[in-house]
Amino acid sequence: MSNFFLFMQQELLLTAIIFILLFMKLSTIEWKTKNVLLVVNILLTINLVAGIFIKGNGSLFGDMFQQTELLRLEKNILNLGTLLISLQSYNWLLKHKHATEFYLLMLSTLLGMFFMLSSSNLLMFYVGLELASIPLAALANFDLDKRRSSEAAMKYIMSSAFASGLLLFGISMMYGVTGTVSFAELQTAASDQPLFLFSFILILAGFGFKISAVPFHLWTADVYEGSPIAVTSYLSVISKGSMIFAMTTVLFTVFGQLIFHWYNIIAVLAVLSMIVGNLFAIRQQNVKRFLAFSSISQVGFILIGVTGANAIGQSSVIYFVLIYIFSNLAAFGVLSLVSSEKGKETIDDFKGFYKTNPLLTWVLAIALFSLAGIPPTAGFFGKFFLILAGAGKNNYPLITIAALNMVVSLYYYLRIIKAMFMDANETPIEKVEMTWAPKLSMAICVAGIVITGIASGAYEYIYSLVK
Amino acid sequence: MWSLSNIATSIDQWLNETFNPTLALILEMLIAGVAVIGLFAMLGLILVIMERKVSAWIQIRLGPNRVGPKGMFQSLADTVKLLVKEGMTPGGSDKLLFNVAPFVAMIVAMLLMAPIAFAKDFQLWDLNIGVLYISAVSSISVISILMAGWASNNKYSLLGAMRSGAQIVSYELSAGLAVLAIVVLTGSLRVSDIINSQADGWWIFKGHIPAIISFVIFIIAVTAETNRAPFDMAEAESELTAGFHTEYSGMKFALFFLAEYVNVFIVCALGATLFLGGWMPFHIGTWEAFNHVMDYIPSSIWFFGKTFFLIFLIMWFRWTFPRLRIDQLLNLEWKYLLPISMFNLLLVTLIAILGWHF
Amino acid sequence: MSEVPVTHILFVSTALFFIGMYGLFTRRNMITMLMAIELMLNSVNINFVAFNKYLYPDKLDGIFFTIFIITIAAAEAAVAIAIIINLYRSHNSIDVEDATELKY
Amino acid sequence: MGAASLIILILAAIAFSAGAILIAKVVTKATKNKQKSEPYECGIPTVGPSWIQFNVGYYLFALIFLIFDVELIFLYPWAVAAKQVGWLALIEIIIFFFILFMGFLYAHKKGALKWK
Amino acid sequence: MNLTLLLILPLVFSLLLLVVKGPKQVRLVALVAAVVQLGAGLFLLMQFLAERATNNAAFLFESNHTWYKALNISYHVGVDGISVAMILLTAFVVLAGVLVSWKQETMHKEFFFLLLFLSLGAYGFFISLDLFTMFFFLEVAVIPKFLLIGIWGSGKKEYSALKLALMLMAGSALVFVGLSGLYFNTSINGVHSFDLLEISKQNISPALQNLFFPFAFIGFGIFTALFPFHTWVPDGHSSAPTAASMFLAGISMKLGGYGCLRVATYLMPDAAEHYSTIIIILSCIAILYGAFATMMQTDLKYINAYSSVSHCGFVLLGIGMLTKTSINGAVMQMVSHGLMTALFFAVIGMIYDRTHTRQVAQLGGLLKVMPFISSVFVIAGLCSLGLPGLSGFVAEMTVFMGSWERAGAFYHTATIIACASIVVTAVYILRAVGSSIMGPIKNNEHLQLGDAGWNEKTAAVVLLVGILVMGIVPFWLTDLINPGTEVIIQKLGSIK
């Protein structure tokens, strides 16, 4: 029994938080939004800290649920990202009527992700996956009175349902072939049988949808643009990150022997994602949409790391997701402040931003540099290691394309930098007032961007766990 | 001693001796079909006249008394009347749905017959998930109502259908939970298992208070599920004319009518099976002689007796309670019945685990 | 009576799956699209049950999976319909072609 | 008789209904006129289309129903096994109901169960 | 001496800049930073010379700390003569740059911050012996340039800045591919390594060398204006603010040359030999093309920018020729061009600050108005065209001599072609200097303009000192860099 509490500590704590929030909502006392937010943030911090310090690994429920040090780390990364998003959306939620619900939904998806990551059984995996994606659709529709919000939600749920349909069809075929849905047994049962490969490809396609790799990316931009900005950042960072974690686990451990089959598929997905993401990102005017496409291209880079298919590849992917959380959230933090306070979201609006908001400009600039992979920000290290992991397979055309795509991506990141620093604007965005929470979150993000790369500890730690 | 199962076995034997197996099977099927249709028609006729007589009795009046002895052939006459009435399809309606809806209602009612044990060893299909099957198939009936209401191109129909949809689905929950109470006690979903587990006493007696609560909830819920007063929101004539079948006439109307009565029969049969032991005779602990006497009464009589008792109960409700408003109706379910039945299920589980039942 | 071979069932489920997919891609009514998705999920259910019954009768994984898929599909449908209702309120239409606020 | 009985029952139902309707069709004499095919609204002329938007309350109830109905799916296997599993089954179902009930209370608090 | 000091100093001062307030303090801090850096550079030189006398190792002051253990990446620094020369060059140019932009008015804090940051990148690049670290600092130096040009530049600054950043990034992307190729084809006990020294001990098969050499060489070549990837040079230089131009031409382009030498040629000698023909052809084209293109220009900055293309062509020519003297010459040309072009840009900046034009046609007779600036301008010009006694002559002459050493008609022809460009250089330099300095004053408003201030004078003097020392006593520099080139040549020779 104590094992149960120890192994599932992260999940249980999260559940407890969800219930505390629910009780707050149900209690007869009307909580002020401000207090709710304070409580939530404190709870999330406790959650993060507890996740970091409590150790205990093993498997539960007849090997349905497993906990390893690596999974703990991955969950802690997601916890951290959620905390950051929570802090960033402080201003937005203060004005919003349904702050508690936002957290209920968001933490439910987080719980789903945890279960998805910890699953060692396709059934558990599927349940976690759906718990992680269905509430997200509701979140995407969180601005109930905005037309685009519900449109985004509709697109998200449709594509997500379609993706899980594909995934499930694959799983059912795989069950037909092997007669098992447990990871451990699948690992031994994996074979070159055509039907197995077919089902495997369907599963990959399902994954592709969830991480929005090209050609399964069509929903991404619309959903990102339409959703409220906190949700967009959550979608692009946490949701995607967790899917990538899950994907590495599944590909490396369960289907590790099939690498010859999936290597090419992943490589093609990577190249397409990078190129298409980049080409579309260049054309975008809306910053959210722009970040959506840039995140597609980032997925391409991540997939290159996945093709590495070794300890370095996996640790690079995890490391990159960590960095990606810092960088993207720093960018989204600025964006959400500007958007919620001033309602401006296009690149043109950001012209002359430096004149009025130098600090935010630097934060955004550092975030974008990190996304573009410019040293000394952590993004450089992340991308470098990803591509290096991919190069381990001696597929030099692939990494040349990747390296050149970094240049293209730099172009559009620099567009925003240019708009902020260089372009003149008669009506720049006025000075944005910040509360403590966004400040804190951005400080953490920037610190993360600056430190995580130069100090090699994070990567070494991840690598030691992966190994 | 004669019993239905003996008749069935002898027919089966005779057929297999006379014809080759395939033909015998087909003939058997035909016989089963005809029997079911006959049962259906009979049930319809009987229940209609029963209702009218019961209501008359409760209201201290004569009721139908012209056709046949004491008006016993009244429903037959009504059938003839309905047969010669024109079955029209209103203009502007969705023709396909409109015409298919009564079929769906009939099919559902008919399908529900499959796992009902009418007598000892007399059951069409003793499938291992009998109870689940009944709850699953019975919830399809709401589709026929919605189809009819939607297709009619009539606001009354639509409103009636929506109300009835809301009502049926709501009460299905408590009905389901009440059924589950018995499933927990028996540990099986098979109808025959459930009946056999009541050989030494019916669940309503063995299961203490929780079983009685379940029974009460079940009866209330099925009354609502079958759209009967006091829950007849769907066809509240003072509000919605005739609800979802306002636009139906002639035989199509008759089919709905029939399906509804058959549904009443089936839910009561289910109630009888679950709580009152189905065809099991009434036994009391160690009273051997009494038990023996009870065994002499044929199982089919036990079954139909219990079922018609429940039907009578439901008819009694109709003439006793005033109709609820839709909000009261939903309140009753969501705020009282559902929480109570959920809690009750826990109690039942406790009893089952502790083995407190007899 | 002779049993239905598993291939027949698989044929049905696969057909159902691709009908669902086709419906999803060609239909423009959101409810219809949702139904198409449900069709896909149900084909998966059929698959699981069939495999479980025919190939691995001593295991229960397939049945469990089916139950969970049914539940989750229900949850998905609930959320999707809520969203569609909300969309209908703002767009006065449930045709995806009308929901074009967001474009490339 | 097994599963074949279902087919028989369906066929019987169809035969019965179709037969009844066909007989009625043969027996009756159908006439057509315009007023006859109008929707019946107690003699008052119809206003507006019949396929109207209805109270969203119905949807809310349907939604809550869906949750509970789906919950029943899980309860059936549980109910069958409950006696064998013993105390753990009770604990599990208490947790299950607790979660469910929290959602229910939330819906209640939000006024989803109020008929407007 | 601990080489990390060279990284800490700019970092500390740039962070200090963020704290201080007011333009005066900012300037002061920046100046102190530059002076301290120069001091550190000179100290390093002396230490190096002292150490060199007793120590025969290829690289001195090595220090090696594991950075990313998993990937076998370490922070490995060390210097040889070439690096020391480059570090000194950087220190000189930075000091001059700070002095020149003394009057920087808009966003002074950010300006100096970026300038110091840029120097950090340059120092880091020159001292690192680990390819990853080297690559890291190479990229560190890109974005500050973008911002410097884009924010404080003139003309079509955004376009130029973007072009520069993207081309340089493309260069480093290619470099990256080359580096990863090197990384995965070295194996010390089964472990891959980024360490320059480790890789240099490895024998990479010629086929692989031939595969990765173009990546590395073109990648670094883009930094140093390898034809046809030189197009960012004119735009970037002409749009940049004075200090940035100085840095760009003086140091940034040298990053490329240094990289070509240190990484591409040193680590992949077979391939260097294999591709030397192409390199020589390309650099000859760059030299001639740059020279002729300069003749077309009317804008002083463009003149200097195109002439930089031409001059950097000499660097690549020297590297491509693969003889000891030519490589020596290439290094010397790097130093010389760094100092000279920085001076040139500084002077152009001074002129522009006063006259607000850079068009040769609109200038004239400046000698009368601002004698100091004009004379420095003349000296810079003369240095550029290779007047004996100034650094340009020494460097170019060494390159030519080295090139001539390479036997073969092709190499001789190339050398002659390169030499011929000097004539063209003379034409455009003299024309530019003549028409803007000499003759009558074309615009009477220019009469009111003043001469250089103390800061500008100091800046010019700092650079002039460098030029003169190099021109008059070139063997100091030769002695300094000789052991470094020796190592490279040995590696080349061992292959041959």
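Here are some notes:
For reference, chains read A, B, C, D and E in written order, and residue numbers begin at 1 within each chain.
Going forward, a residue touches a chain if its C-beta (ideal position, glycine included) is under 8 Å from a C-beta of that chain, and two chains touch if they have at least 3 such contacts.
Predicted, not measured: the structure shown is a model, and the values here were computed from it.
Taken together, subunit C and subunit E share the touching chains A. The interface carrying the most C-beta pairs in contact is the one between chains B-D.
Distance from each chain's C-alpha mean to the overall C-alpha mean is smallest for A. When chain centres are defined as mean Cα coordinates, B lies farthest from subunit E.
Remark: subunit B and subunit E have CA centroids separated by 94 Å (rounded to whole angstrom).
Here the spacing of subunit B and subunit C, counted between their Cα centres, is 32 Å. For the pair subunit B and subunit D, the distance between C-alpha centroids works out to 15 Å. Centroid to centroid, with C-alpha atoms defining each point, subunit A and subunit C lie 27 Å apart. Across the assembly, subunit C contributes 75, 82 as residues in contact with two or more other chains.
Touching chain pairs in this entry, ordered by label, are A-C, A-D, A-E, B-D, C-D.
By the touch criterion given at the top, residues 311-312, 315, 369, 374-376, 380, 384-385, 387-388, 391-392, 394, 396, 399-400, 403-404, 406-407, 410-411, 414, 417-418, 421-423, 456, 459-460, 463 of subunit A touch subunit E in their complex.
In the complex of the two chains, the subunit D residues touching subunit A come out as 102, 105-106, 109.
Across the complex, subunit D is touched by residues 28-29, 32-34, 36-37, 40-41, 82-92, 102-103, 106-107, 109-111, 113-114, 124-125, 127, 129, 132, 135, 139, 150, 152-159, 162, 165-166, 169-170, 172-173, 176-177, 180, 183-185, 187-189, 241, 246-247, 250-252, 254-255, 326-327, 330-331, 334-335, 338-339, 342, 345-346, 349-350, 352-353 of subunit B.
Residues 1-6, 8-18, 20-21, 23-25, 27-31, 34, 36-42, 46, 50-52, 54-55, 58, 61-62, 64-65, 68-69, 72, 75-76, 79-84, 86-87, 89-90, 93-94, 97, 100-101, 104, 108, 113-115 of subunit D are the ones that touch subunit B when the two sit in their complex.
By the touch criterion stated above, subunit D contacts subunit C in their complex at residues 2, 4, 56, 59, 63, 66-67, 69-70, 73-74, 77.
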